[in-house]
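What follows are several structures.
Each of the next two complexes has subunit A plus one other chain: subunit B in the first, subunit C in the second.
This part shows the complex of A and B:
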């Protein structure tokens, strides 16, 4: 019996194509968690909450359901299924979700109010600032006067200098330079694990 | 002890001179006055006149401290000024925590513990200066030490010594030295290539999830996305940077379940 991965592999290597016919919906990468304006479901009034989106912090986890308290004090129940992607500094399994984690979720709102999640991003943050110090595999970031301690995670963290492809070599970063960091917040701390550092030069 | 007290007027005067001259003649400082906590206190329109007034007061006290004979009232005036600074910093910390204090330079750093330490040190120096006897030679080493301490507490000057120092340390002992080429390609590198590929561009409209699964096999990284009822699988070469080499297939979930 062939495994699921074997089926996928033979599909893409055997019958896979360089391009596919296009349709007119939006795409979802980690960046899409922030791109509310462009990826909002069609038919949503400007300024009205997108019913297919939820944000907040996980209060409890029961079976495959997350109870999430939004920052506007609205509770969401979010169901995670086999087809749901979870991000926590990279693709992870559902067992990595913990009470206290911050979350953005996108999916389909069910008639009973539950959100059937298609994609969940845990603790994802996107911060700008300038580097005040670099030591011991950490960057100290000054973000509007607040210090954020950013950890380099070997094998995960990459730097993108200008238009260059991502590199695991972060040694070109300099004290006092401006950067943007996409990463995973460590809940209830001022610390972040780095996914990507964007450097303008 | 007398020598220590006698050196205080010079230390305070030096700092007040710097602060006063910056406020009266620093063009960029005036331009940024509207963004300092002073603007919050007196209103944006009155920020520049208020800044000038404080600068004048600082220069007047500095002159009084420098011109002999030294009177205890000179020290008292400096103490009053330093107390005012502390009160103002306290106000800025509470009312405008993101604004700069507008004390000594045109930087945009908000009030922090160093600002309080500097104002506290100035207040202590002013109190000591009140006890200074006239015509006593100053104790130079301590005065120098105090000035260095005050300079070190001035975040306005960090870019002149702290940043170069930290850069030097990073250069001498690189804390983020390039990792040994282990052959492990970070996932983000593959995703960067993937997102620029014609295969991804043509399929992106159907993707409904972020990366669900990924594994490496035979020099290829397989990346799986949800695409509604189907699954989109991409094959991204681990070496090379030609986005046209990325392949894509849509697989029906029903076929996978068999």
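This part shows the complex of A and C:
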């Protein structure tokens, strides 16, 4: 049986019609994508950069390819193919990627250096801090001494209180409480749209 | 959920189970741009690394896993652990690059996938490492941690 990674690799090597962008109809969700095993590149030493992973901000988008400038000033060419899962506050299509978006991507590094993407997470952040203020549709988080304004997105934002199932009711969150917020950064701001608030209580 | 203060201290003479999350470090964008290279001075989001709650006395004083009834071993920069996602069985080997997570602030927290659960935050992986065993969008997973 061919692995998902094999399919991605062959999709890229095959070229032509097989190499198509994930469509606006939506891509495979990231949880489904990771239901199958994924892994770091074989032979990579712990502590070393993983060549099957990329980080940075999108400089340009052409066809199904993202040109990304890494925060370490290294450029990455990331190819989105049929099986690629994309996330931007939730599963999205490739048409939601924008120049300026930050991203993390995992896939298979091809011989020419291009990364055939298995998953791309756009603007994803996972920050911890104390809640300093709560309003109707926002909460402010002190994250390492920096304020982050977090927006509740109706129909999308949920809270998980320990092992309880996710709930759209965020009313149990309290000022001074320590939480973890998984969300999507609004580029070039200190603002984040909330996907999930993890609360220990 | 009430704090868990009982039970034998966990050590890594054998595997322990706990929660795993991810954090960014090194050069980055967004809220991560203010994050440095971590307590070891080597941390980068794109490298196979992790934070550990007991890298030094100063680190332990911040993270205090003992307040959750967990007594993790002292391990210093570069030490290798294997983290296995209990949801998928996939594992990754990483080395210590920072102090964390702040276990005491999430004491007693429990995450599950199906009937498989684990309590207390024992390790934070870089995005490169976490994404090797789970989707970054899952945020928090139950895991088993062992020496590598």
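Assume the second predicted complex is superposed on the first by the 161 of 201 C-alpha atoms of A that agree within 3 Å, B and C clash if a C-alpha of one lies under 4 Å from a C-alpha of the other, contacts with A are read in each partner's own complex, and residues count from 1 in each chain.
Throughout what follows, a contact is a pair of C-beta atoms (placed from the backbone, for glycine too) under 8 Å apart; a residue touches a chain by one contact, two chains touch by 3 or more.
Because the structure is predicted, anything quoted here is derived from the model rather than measured.
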item: Subunit B versus subunit C as contact partner of A:83, first or second or both or neither; value: first
item: Which superposed partner A:47 touches (first subunit B, second subunit C, both, neither); value: second
item: Contacts of A:180 with subunit B and subunit C, given as first, second, both or neither; value: second
item: Touched partner set for A:144, first subunit B, second subunit C, both or neither; value: both
item: Touching partner for A:126 - first (subunit B), second (subunit C), both, neither; value: second
item: Contacts of A:198 with subunit B and subunit C, given as first, second, both or neither; value: second
item: Which of subunit B and subunit C A:134 touches, first, second, both or neither; value: first
item: On subunit A, the residue positions that both subunit B and subunit C contact, one per complex; value: 30, 85, 87, 119, 121, 144, 160, 195-196
item: Residues of subunit A touching subunit C in the complex; value: 30-31, 33-35, 37-40, 44-50, 53-57, 70-72, 85, 87, 102, 104, 106, 119, 121, 123-128, 143-144, 146, 148, 160-163, 178, 180, 182, 185, 187, 190, 192, 195-196, 198, 200-201
item: Of subunit B, residues touching subunit A in the complex; value: 97-98, 109-110, 112, 159, 163, 166-167, 169-170, 174-179, 184, 186-189, 191-193, 195, 198-199, 201-215, 217, 220, 222, 224-226, 231, 233-235, 241, 244, 246-251, 253, 255-256
item: Contact footprint of subunit B on subunit A as seen in their complex; value: 4-5, 7-9, 11-13, 15-30, 32, 83-85, 87, 90-91, 118-119, 121, 132-138, 142, 144-145, 152, 154-158, 160, 165-171, 173-176, 195-196
item: Residue ranges of subunit C touching subunit A (in the complex, touch as defined); value: 1, 21-24, 26-35, 42, 44-49, 78, 80, 88-90, 92-95, 97, 101-102, 105-112, 117, 127-129, 131-140, 148
